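In the two complexes that follow, chain A is the common piece, with chain B as its partner first and chain C second.
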Partner chain A sequence: MVTNTLSGNTTTYDDHQEQSRLAQWQADKWLMAGSFFMGTAILGLIGLPLFLRGLVLQVRAQKVGLSVRPIMVTLIGYLVIVDAALNSFGWALDMIANHTLLARVFLMAWGNMFDAGYFWHYNELWIGGATAPGEKAWEIALLPIVFCMRMAAGIGFLQMKRWGHQWLIVTCWFGVVIWVGYVANMTIFADVRYSGVVFPVIGWWLYDLFYITPFLAIPYLHTVNREIFTD
Partner chain B sequence: MSESSTDKLPLGTTPPYARMHKWLQRGLLVCLAALVLEGAFTFPLLALWYGWPTLSLQEICSEFLKIQFADDKKECVYPYPLFGPPEGAGQTAARQDVWGVQPKPLYKRVEFGEFITRRDARLARQAAAE
Partner chain C sequence: MKEPPISQQDRRRRRALIVFQIVIYGYLLSMFLIQLHMASVRDW
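Up next is the complex of A and B:
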């Protein structure tokens, strides 16, 4: 019989695996519920305590020596999913639901406050929604490709799959392209995007700065010991 | 590197990168909290700035259209017909905006609660005209 003393008690290997699996699932239930709410933006305050509770369970399981997912993998995995969900929600509203009252008020208010690309000439293109130069092209390119792919990669990463790790690297580097391209676009068309805006440039940066989670993930993804991910 | 110090590191973190991973973790937690706070408070605060709850969401939407097209007669149509043409199609602003390769709108920034005073003033004007 194989024994170990990882959790302080002498148990069989199978017991330890089973306990680890249960502890991980217990933490994941809270983490998933929290991420679900945080991904909706408006219900984020409900989600945060649930998520932190899951994180505490995860740390506890790790401390007693169970084989659970590392905290960093957990944080990055869920955070890139939340980040992608937040981006997807806003842009899906703009692309598909641009004549609903909520989208018109919320997106035009956002536009009037931070970025007139979502205010001036709103809903004049045949496709509706934002009309700033290039904005619709970003939405069409990024929603189905980058954000959907990043959410799928995040799930694979949380399952500690090798493909999850690899595809998270790919989609996080997409994030660098997005930021450079998007900021360049907003700078070049600054007259359109910032004229008559309540809180221009700095307001936009204050708001969007915290979407840098993919950038924080990149150094980790390239320096983590890849042996912890499996096929 | 003693074995005990390696043992304390999280799975997947090797000693040369331990410090970097620690700071990345802190950064991620800050981003998480910031995203949640932003997400939760943006819509309510925007609504307050533009006059809710004194004005309904539809009234706020109408005030936006009046600014966009410099036209007091514009109203936000709701519910909007499904598959109808884009709301703003073919509309032109009464105000002369700057046109060219870098177009620029000439409306002014909206102050806190301004929509309420604008609306009150407009209704008073209309009442006086009748």
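Up next is the complex of A and C:
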């Protein structure tokens, strides 16, 4: 029988594996619940404390020597899922539910405050929703392709699968394409998007900085020891 | 504990990633500054 003292007590290898699995599941339950709420945007404030509780459990399990997922993998994985969920919900509302009370209240409020692309002639195109030049094309291209793929990649990455790591690299590079194009669009059509809004330019950048950051993960993904991910 | 020496390939990879970060954040910063300049000269 193999014995070790990884978690401070003399225990068998199997016990250690079982304790690690349970600790990881315990942390993941809180992290998943938190991410679920944060991903809806509107219920985000409910999600944050749940997420932080999960993070504390994750750090604690790592500190006592259990074999749990590295903190950096946990943070990047959940950040990517929340980012993709927020974009999916917001843009799905705008694309297919643009006449609902929820969309007209929240998206037009967003438009009024930061980005007139969601206010100017809202719901006046044949397709409905935002009317800013190019906006609908971005929604159609990115929603079913990038953001769905990003959520799947995030889940695979959190499960420490090799395909999760590889697809997260692919979708993070997609993120670069998205933001180079989208920010160029915002600048070219700035007269449409910032006219008459309450907080032009700075408001949009402050809010969107969070969404732009996922490609900060690119250096980590390219330099991490890929042997920690399994087939 | 002494860090193991990094290979030439790793060194090149790290350099490329640093250059990429500078280019991408430089681009975002310049777009932000252009928009800020537009905000200062337009009646938004």
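Criterion: the second predicted complex is superposed on the first by the 230 of 231 C-alpha atoms of A that agree within 3 Å, B and C clash if a C-alpha of one lies under 4 Å from a C-alpha of the other, contacts with A are read in each partner's own complex, and residues count from 1 in each chain.
One rule holds for everything that comes next: a residue touches a chain if its C-beta (ideal position, glycine included) is under 8 Å from a C-beta of that chain, and two chains touch if they have at least 3 such contacts.
None of these values were measured; they are calculated from a predicted model.
**Q** Between chain B and chain C, pick out the one touching the greater number of residues of chain A.
**A** Counting residues of chain A touched by each partner, the higher count goes to B.
**Q** Output check: A:184 vs chain B and chain C. Expected answer is one of first, second, both, neither. What do you get?
**A** In the superposed model, A:184 contacts chain C only, not chain B.
**Q** Which partner does A:201 contact after superposing on A: first (chain B), second (chain C), both, neither?
**A** It touches chain C, and chain B stays clear.
**Q** Would you check which partner chain A:223 touches, where first means chain B only, second means chain C only, and both and neither mean what they say?
**A** A:223 contacts both chain B and chain C.
**Q** In the superposed arrangement, which partner chain does A:176 touch: chain B (first), chain C (second), both, or neither?
**A** The answer is second: A:176 touches chain C but not chain B.
**Q** Would you sort A:83 into first (chain B), second (chain C), both or neither based on which partner it touches?
**A** first
**Q** After the superposition on A, what does A:44 contact: first (chain B), second (chain C), both or neither?
**A** first
**Q** Mind working out whether A:22 is in touch with chain B, chain C, both or neither, as first, second, both or neither?
**A** Neither: A:22 stays clear of chain B and chain C.
**Q** Between chain B (first) and chain C (second), which, if any, makes contact with A:140: first, second, both or neither?
**A** After superposing on A, A:140 lies clear of both chain B and chain C.
**Q** Which partner chains sit in contact with A:211 here, chain B, chain C, both or neither? Use first/second/both/neither.
**A** In the superposition, A:211 contacts chain B only.
**Q** Residues of chain A that sit at the chain B interface in one complex and at the chain C interface in the other, please.
**A** Residues common to the chain A contacts of chain C and of chain B are 191, 195-197, 212, 219, 223, listed in rising order.
**Q** Please output the residues of chain B touching chain A within their complex, sorted ascending.
**A** Within the complex, chain B touches chain A at residues 10-14, 17, 20-21, 24-25, 27-40, 42-43, 46-47, 49-50, 57-58, 60-61, 64, 67-68, 76, 78-80, 84, 86-89, 91, 98, 102-110.
**Q** Which of the residues in chain C come into contact with chain A in the complex?
**A** Checking each residue of chain C against chain A gives 10, 13-14, 17, 20-21, 24, 27-28, 31-32, 34-36, 38-39, 42, 44.
**Q** In the complex formed with chain B, which residues of chain A make contact?
**A** Going through chain A, the ones touching chain B are 38, 40-45, 47-48, 51, 62, 70-73, 75-76, 79, 82-83, 86, 99-102, 104-106, 108-110, 112-113, 116, 119-128, 189, 191-192, 195-198, 207, 209-213, 216-217, 219-220, 223-225, 228.
**Q** Chain C touches which residues of chain A in the complex?
**A** 176, 179-180, 183-184, 186-187, 190-191, 194-197, 200-202, 205, 212, 215, 218-219, 222-223
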